[in-house]
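Letters A, B, C, D and E mark the chains in the order given here, with residues in each chain numbered from 1 onward.
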Amino acid sequence: QSRPLRIGFVSPSTGPLAGAAAGDPFVLENLRSALAGGITVDGGSKRAVEIVVRDCQSNANRSSEVAADLILREGVDIMCASIHSLTVTPVADQCELNGVPLVSSITPWETQVSGRGATPDKPFRYQLHMFWGFSEVSATYMDIWRQLKTNKVVGALWPNNTDGQGFAKGFPPLLQEQAYTLVDPGRYQDLTDDYSSIIQLFKKSGVEIISGNVLAPDWTTFWTQAAQQGFKAKAATTAAALAFASTAEQLGPLAQNHSFDLFWHPTFPYKSSITGQTAADYAAAFESSTGRQWNQIIGTVHATLETAIDTLKRSGGGDREANREALFKTNLPTIQGPIVAGSGPAPNVVITPLTGAQWRMTKGGKHPFEPIIVSNVSARDVPVAGPAEATS
Amino acid sequence: MTNQTYIVARATTASKAALVIMVSCVVVLLLVPLTGDRGSMRLIVEICYFLALAQMWNLLAGYAGLLSVGQQAFSGFGGYMLFAFVVYGGLSPLISLPLAGILAGIVSLPVAILMFRLSGPYFAIGTWVTAEVFKLVFFEIPLGGGSGMSLPIQAIRDISPTTEGRELIIYLTALAIAVGSVALVYSMLRSRFGLALTAVRDNERASASVGIDSFRLKLGVFVTVAAFTGMVGALIFLQKLRISPGSAFDVMEWSAGIIFIVVIGGIGRIEGPFVGVAVYFLLRETTANYGAWYMILLGLLAIVIMLFARQGLWGFLAERYRLTVFPIERRVRTVEPVEKAKPSNGISDTAISNLSLPPF
Amino acid sequence: MSTIETKGLTAYYGDFQALFGVDIILRDGETTAIIGANGAGKSTVMKAITGLIKTSPEMVFIDGAPCGGREAHTAIASGIAMVPEGRRLFPSLTVEENLLLGAHCARKGPWTLERVYEVFPGLKERRRLSGTALSGGQQQMVAIGRALMSNPTSLLCDEISLGLAPVIIEDLYRNIAKLKEEGLSIVIVEQDLVRAVSVADRVYCLMEGRVSLEGRADEMSLAAIRNAYFGV
Amino acid sequence: MEWISTLLQGLLLGGVYSLFAIGLSLVFGVMRLVNIAHGDLIVLASFTSYVVVQALGVGPLMSLVIVLPTFFLFGYLVQLLVLNRTLGDDMLPPMIVTFGLSIVIQNALFDVFTADNRKLNLGPIETASFRLGNDIAIGIYPLAVFAIAIATIVALQALFYNTKLGREFRATSDDAEAARMMGINTKRVFAVATGIGMVVIAIAGVLMGVRTTFDPFSGPVRLLFAFEAVIIGGLGSIWGTLFGGIVLGLAQAIGGQIDPQFQIMTGHIVFLVVLLLRPTGFFPKVQH
Amino acid sequence: MGAPPILELCQLDKAFGKIVIAEGIDLSVSQGEGLGIIGPNGAGKSTLFNLIAGDDRPNSGDILFDGRSINDMKPYQRSRLGIGRSYQIPQPFGKMTVFENVLTAAVFGSGTTVAEAEDRCIEILHRTGLMGEVNKPAGRLTLLQRKRLELARSLATRPRLLLLDEIAGGLTEVETQALINTIRDLRETGVTLIWIEHIVHALIATVDRLIVLNGGRIICDGKPREVIQSPEVRRIYLGVEPE
C-alpha cells in the first residue's frame, strides 16, 4: 500500500475575504465523497487522496506561512490556491522557490505574471493559473456598455491595491482602442470615507459609465454620495463590489442593474470530470446542502481541484517534478470549461470563460436577487439571458 | 558606627544554573540542522524572529517606558529595504539584512524626535499613526506600490546554490539574531544605562534632577530598537518572499501579536518574551486548523493575565519562587553579621535624646 | 454621633503584616491622638477604619455594629471623613470642584464653601485653578476643607500639619479645638507629640503595629509617652 | 464653487468622524482608557441593530429603542466585571484588555454572522439632498449625522462638566482611592460612564450602518481616525473632539481634491503636524 | 564671608498667568553658606527651587552659577554642574529598589562608575536611615521614608549646591535632632545649602542666614535669630507665639 497523495489547499476561511471562501466546505465535502475510494493513477494502481486545508486568514503573511508549512511539514504533492491575490501570490512565491506545482485562480492572470515579476523568457515554472485577464474583462464590460447607448465616457474607480493597479495598467489602452474616453481620478485608498472630489470630477467630465474594482463598503459610500450630489450613471460595472448576491440583497434597490464580471454560472454548459455533475446540478447540490444561494466561486474552486487531481492521476503519483510536468500537459474538460495547458497568453496561463451579468431583483423568486447574463463575448458557449439595462 | 560589610549581589545560584541551561539550549538548537527536518527549522526561524521582536519591544516599553504601538513601521521598513537592496541594488540578501537595519535606525531618528514630544497615550497613538503613514508612503512609492512585490527567486538561490545550504544559512542567521537580541538587551540593562533607563521610565522629572539626559537616552534606545527591529523585519520578509504595504505594516501581526507575547510572558523582564513566545507558538501550533482561534485564545489569555497576574506568567512564577535567569537588579546583602547592640535598661528623657538611633 | 472601635485589628500589605491586633476606642465627641514612629502603622489604622484596607467585619465597629471590610465609600455616609496622608487632591478638578466633591454625601451642617474659604486664606482666589497647581501647604488646606465639607461626625486627620507654615498650623489647631466644641469626634495622627497631646482627650501610642501605650492625655507623662514611642 | 463644495463635504465628513470619536473621547479622555476595541464595538452595535431590524421588522431608528439600553447595560457590566480591575496608573493593562476584546468581538461576530456584507436601510432619505445654488448639493443624511454629533456633544459636555456625576467621574479617574474616601462608589461611577460611552457608541454604530455596509472586520479601519480626532481636540475635551473630527474631515477633503491618492494620508499628516505644534492637542482639559 | 558667590539670582521674575510668584528677586549665595528660606504657603519657595534646578523657566532675569549663566541649561546639565535637589512632594523611581535609586543618582549625578559608587551609596543610606529598606522598591516606602530617599538621592549626586525642600516635616523630635546633626556634618564638608523648611527651629540650628519670601519678594534677609524676631515675619508667618 503506497502513501496517500496529498493536495495542499490554501483558502481565506476567516478574515475579510472569508465571504468569498464560504462555499469551500461544500466544495471539499462534495469532492471528498467522490474521492472516497481513492483515484486510479496512471499505471493502474489505486491511491488515496487527501486534501490538506489551511486557513490563510485573509492575510498575505499568513498565506506565505501556511504554504511553507504545507510544503515543508505536510509534504504535499501539489497545491491549490484561489480567491484574491492576497491568498494566491504568496503561495505562488513559496511554491516557486520550493518546487511544488500549483493550480491557482480567481485573480486576473496579469497579477500572477508581470505582477510578480515574470517575463516572457523567464516564466514561472510551477504555477498554472486559470482565470481571465484584462482583455476578456474589458471586452465584456464594453459589450455591456455598447448595449446601453452611452456617450462612451468612463469614470474609473481603481483603488491602490494589486487588482486596482492591474486594472489601471491594463485597461486604458483597451478602452482607447474602442474610442472610449477615460476619466481616471487616480488610485484612491481602500475604505475611503468620502468620494465627493471624485464625484465632482465625474460630474464635470460628463461621465456616464462607472467602472472599477471596488470593495462593497466603498461602493455603497460612493454610490450613495453620488445620488446625494445628483450624479447618475447609466452603467455601473465593477469587479469585486457586488460579486455576491448577499451583498446585492443588503443594498436593495441600489444594486438593481449593477453589472459585473461573472466567471461561473449554473447555465455554463460544462460538467465536473470527477463527480460528473453539470453546473446546474452542482449549484442545486450546493443550495440543497447549505440552504444558501449558489455563488460563482464554488465552480471555479472545484475546477482548480479537478485540475490538481487530474494531474496526480496522469503523473502516476510520482514526485513533485513529475507532477509539474503532468500539470503543464493538462487537457481537461472541467466544470469551469476546458483547461488546456499552453493555450493561454503566457506559458503558465489558461484563459477560462467569462460572462457579463447584471443583478436583477426577482419578483417573488427563490432568491431576492439573481445575476442575469447579458454578455457572452468572452464565453461563446454560454447562453445570454437577456439584454443589458441601464441603472436607475 | 557599624562594622557590617555589605556586598552588592546580582547573580543567584538559580540564575547561574539557568544560564547554563540556556547555553545548552542554544547548543541543541545548533544541532537541529543535522536532522535535516526543514519544517522544524523553518518553525524555529519563525520563533527566533518573534523572540527578537518581543525582546526589542520589551526593551522599549518595559524598560524605557516607551509604549509604542508602531514598531511595525520599522519591521516593515526593514523588510522593504531588503527588497530594495536585493532587487534594485543587486546585493545579496544576507548583506542586505544589516544594511536594512541601519537604514531603519536612521529613519527612526526623525520619528523619535517628533514622537518624544508626546507622552502616555499620545505617544502610543502617535507611533501607530506614524506606522500608518509609513504604510501609506509605501503605497505610493515604486517598490511595488499598493500591490507589493515578490523577491526574485534567483536572489534567494544566490544565498547558496543548494536548498539545504540556503536553509542552513538562514537558520543560523535567525539563531544569531535571536541570541543577539537577548545579549544586547541583557548587557544594556546590566550596564549603567539600565539604571538610567528604569529611572527615566519611573520618573522622568526626577531622573533629570540626578543628571540623566533622558532625551538622549530614550533616543538611543529608540534608534537601537528600531535598527534591530528593522533587521528582524528584513529577515521576516526574506522568509515570506513577498512584501506589500498591507502585510509589512500590519498592526495586528507585528504590533498586537508582539505586545501580547510580551505581556503574557511578563513585561519588564528579559525572561518574559521567552515564555510569551512559547505560549504563542504552543497555541498557534495546536489550534492551527481552527482558523483564527489562536488569536482569540491569545486575546482571551492576555485579558485573563491582565486581570489576575499583571506581571505576566513569568513574573507570576518569578515572584512566587524567586526565580531569575537574567539578574539585573542589584541587591544589597550583609556579609558579616555583627553582635547585637546591647540592650539598655533604664530610660530617661536624656537617655532618649542621646540614643544613637539610625541617624535621622 | 458615633463611637468607633477596633478589636484585634490586623492588616496586611501583601505578605507584610502591618498591624497585629490593635484595640482602639474612639469615643463620641472625644479627640483622640494616635502617635508613633514612622511606619508604626498609624495610617494603616485609619485606612482600616474607613475601609480602604480590607479587614474582617468583627475588627471594626461603629456604634457597636460590625462593619470592617465594607466598601470605603460607605464610610463617609456613616459620618466618617478623612484627610489622607499626602493630600491626594484631584488634578482634573478645580479647587472648588475638589471642595464640592467633599460635599458629595454631605449631611447638614455648618461647613459650606464660604466657610472653608473664610478659614483658609488664599483658596478663594485660586478656586478655578487645578488642585495640583497650588503650593504644598495650600493643597493641604484644600484637603482639610474637602473633608470638612461633608460635615462629618468623625474626622480622621493624618499628619495634617505637615508642610504648613507655623501660623497656619496655629489656625488649624484653633479650628480643631472649635470643631471639638461643636461636638465632632476627631482623630489626630501627628508626629509633633506635644501638639497632639495638647488637644487630645485620649492618646494611643503605636509601635510596630501594636498599641504600646494608651490612656487619658491628662494622666500621661511626656516621659511615658516618649518611652512608648521609641520602645527603648 | 468647487472648493466651497469640497469644504462643505469635508465638514460633513468631519461630523462623521466626530460621531465616531465621541464615545472614544469619553473613555479615553476621562478614564485614560485607550480603547482599541472601540471600532469593533461600533460594528457590534451595527450588528445588534441589524438583528433587531430583522427580528422585529422595524426600521434602524426604531431599533435604537432596544439597542441603546442593551448597550448601556453591556458597557456597565464590562466595566464592572472586567475593566474596573485593570484601571490604574499603568495604561497598558486596560489597553491590552481592549486589544483582546477587539479580537474576540471580531471573531465572535464572524462566527455568528459570517463575513458577508450587511447594511441597515433607511429608504430614500439616504440619497435625498437639497441644493444650494447650482453646484452645491448637501445630503440630508450627512447633515443629520452632523447635527446628531453636535447634539450628542452638547449633551455630554453638560453631563460631564456641569453635573455632580461628571465631577465624580473625573475625580474617580484621577485617584480612585481618594474618591472612595469622598464617599464615591467608584466602581459604579466608572460603570455608569462606560455605559454612557456605549450608548454613544450604539448611536454611532446605527448611523454608520446606514451610511455604508459593514462586516465583522470593518471596525479597526476607522479606529485611528477616531483617535486622531480625540487627540487633535485635546484629551478630556468633548468639544475638542468635534473640532478634531472636522479638522480631519477637511484635511481629507482638501487632500482628496488635490489627488485621491493623498486623501487619507493628508489626514494623518495633518494629525502629526498638529501634534508637532501642539503636543497635547488644541483644548486639553487634562494635565499630564 | 568673603567667599565668592556660588549662586546669584538677578532680577528674577516669574508668574503663572496672573499669579505672581517672583518679582525682581535678587539673591546671592556664597560658597559654603547655609541659607534658610521660610515664607507662607504658596509664597513661591518651591518654585524658586524649580527655577534654580531648571524644572521651570523664569519669565525674565538671570541665574548665575559659579559666575556663569545657566539660564539655557537643561535640568540634567545643572545637576551635573553640581546642583542637587530634593522635591517637596517626593519623586522616587518607584519600581527600582531604594539602593538602585541612590546608585543611579550617584552614577549619573557625579559621573563615577557603578563600582566606585556602590560603597558611597551604602554610606549615604546609613546616614539617612534607609539601610533597613535597601532592597525594597521605592514605591512601597511610606511618605517619610520617601523624603529620606529624596535627601539620600540628592546627596548621592555629590552636589556643590544642595537644595532641600521640606525634609524635616513629620519627623519625631529625636529624628529631627538627628537630621540637624546630619545636616551640620554635611555643611562641614563645604557644601552650599539652601533649605526650605517650616520647622523653623531646625532651620535656625543649622543655617547662617535666613530669608523670608512673601508676595514674590524677599521681605527679610539676615541672621536667623534676627529675622524671626522681626514683627513682620511674626505676623505673616510665625503667628503670635514664638517658636
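The working rule: a contact is a pair of C-beta atoms (placed from the backbone, for glycine too) under 8 Å apart; a residue touches a chain by one contact, two chains touch by 3 or more.
Small disclaimer: the values here were computed from a predicted structure and weren't measured.
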item	value
Partner chains that chain D and chain E have in common	B, C
Taking each chain's C-alpha mean as its centre, the one farthest from chain D	E
Chain located farthest away, centre of chain C as origin (C-alpha)	A
A-D or C-D, whichever has more C-beta pairs in contact	A-D
Between chain B and chain E, centroid-to-centroid distance (C-alpha), Å	39
Chain centre separation in whole Å, for chain C relative to chain A (CA means)	75
Inter-chain centre distance, chain B versus chain D - centres from mean C-alpha coordinates, in Å	33
Contacts with two or more other chains, residues of chain A listed in rising order	14-15, 160, 187, 189
Where chain E touches two or more other chains at once, by residue number	171, 173-175
Residues of chain C touching at least two other chains	230
List of chain C residues in touch with chain E within their complex	13, 37-39, 43, 85-86, 122, 126, 133-138, 140-141, 159, 162-171, 191, 193, 229-230
In the complex, chain B residues that touch chain A	38-39, 42-43, 46, 136, 139-140, 145-153, 156, 163, 239-242, 244, 246-247, 250, 253, 288-289, 291-292
Chain B contact footprint on chain E (complex, rising order)	53-55, 74-77, 79-80, 84-85, 87, 91-97, 99-101, 103-105, 107-111, 113-114, 118, 122, 126-129, 131-132, 134-135, 148, 153-154, 156-157, 171, 173-179, 181-182
Interface residues, chain E side, partner chain C - complex	16, 19, 38-46, 88-89, 140, 142-145, 166, 169-175, 198, 200, 236-241, 243
Chain D residues within the chain C interface of the complex	164, 167-168, 170-171, 173-175, 177-186, 236, 285-287
